[in-house]
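The structure's right below; bear with me while I get my questions together.
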């Protein structure tokens, strides 16, 4: 799994590339933690999933874990950017869409982050 | 392996989609034979390899077999259209490029076929 | 070698229970499954189900020392895919409870959705498990096109 | 289960010698190999080499009745990929001759380039064969990046 991060205002955008499963979830978890630790100003987390062809329940669990950190520690919001159809189906089945929004473009994701305060 | 054929003048264009190995070579062989049997007017064979991500020596052998049929039965020419880099390397290693030309576009392939008479 | 009656083809995989090997197992089985007339979406479903069952063997079956995981897949003469995931780990005390959605023995880290995903994406899921002896999960699926046609 | 000394990870595949299973074997081993730092081009080379060795077991080892093919792959602690392709078929009388470029026992259908491609694409190729007992091909390769760095 290849991971990249960028800051835009109070949002952290993490771009994932590769399959998100038990093995890569570990790297993802550590990477996001490190990025969040670097700045108190980050409130929202945008996960760019456009280059993720596969996810399973371990991957979903890793995303849920990041949601909890963002929500509890920073009262922020979690947004998924452009998940592909098979990934979207797994996210829907898992119930994660009840706490996470989906944006189709980065612009839309940033606009959603700005709105803020979605209380699930 | 998915196979499609089209006639353009005295050229038969066969489009291959998928990996060309021991297993798919059998289907390829049968398909081309049937197409050639359908018309005596066909002289040249253009193999559209743009959608072939993988080939091995069994695949090369199947192409060489088609070359022999075209060459001996119809004094025609064999042209490969747009092989990807890994496929091109295998074709080069096998020596097949001594009897087969490479075209980058279908137009180029048809022009080569028209020139005719490459004697290896 | 003769294949058992009613079996058209089969393959077996064996590997230590390491997280790195989950991708290996699901991809290998998906390529094998593509010998049947599955759509790309269905192959993706097979991948998810295998990923769940193999991940369970990696996480839950053995302690810290990795153990052996065996995956066998077969295609029946009438076009059904069978996949068996077997470990010789600690087993499951109460299979019925374990299969319930959101039930997990590790609530801190896991979501308890592994069996749920297997059931959503495969036609049938059978689990045999004995504490101390290990777990065997059998997954079955037919291409939907075949179900409609036949 | 403990892995042998010097081995970081390993997997095994077993399947009947059918042409359909060659794609399964090469893809599975390529996914396993991707645990090392191979480039996509190098993974493609591994795929070709495995495809050749497994195709040979399918075509040459057994008669009309399919036999069992076993492929074992390992990653060593110092980052080398080892792949062993084993059959219990008819074996090769004269390995040295068989390995020569364009030598084949089936000149009508085959090009005799299988061993040549394995040698071109892997760092080392070892062949052990005994008539009547079967053939064992060992392929070895390190990522080029590692060779430069180390």
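So that you can tell them apart, the chains are marked A, B, C and D in the order they are listed, and the count of residues begins at 1 in each.
Basically, contacts are C-beta pairs under 8 Å (C-beta built on N, C-alpha and C of every residue); 3 or more make two chains touch, one makes a residue touch a chain.
All values derive from a computational prediction rather than experimental measurement.
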Quick one: which chains contact chain B and chain C both? D
From chain C, the most remote chain by mean C-alpha position: B
How big is the gap, in whole Å, between where the Cα atoms of chain A centre and where those of chain B centre? 47
Centroid distance [mean C-alpha coordinates] between chain D and chain C, Å: 27
Averaging over Cα atoms per chain, report the distance between chain A and chain D in Å. 41
At least two partner chains per residue is the criterion; list those residues in chain D. 20, 23
Spell out, as numbers or ranges, the residues of chain B touching 2 or more other chains. none
Per the touch rule above, enumerate the chain pairs that touch, sorted by label. A-C, B-D, C-D
If you look only at chain A, which of its residues touch chain C in the complex? 19, 21-23, 26, 54, 56-58, 60-61, 64-65, 85-86, 90, 93-94
Please output the residues of chain D touching chain B within their complex, sorted ascending. 19-20, 22-23, 41, 44, 47-48, 51-52, 55, 58-59, 109-111, 113-114, 116-117, 120
In their shared complex, at which residues does chain D touch chain C? 1-3, 9-16, 18, 20-21, 23-24, 27-28, 31-32, 35, 65-68
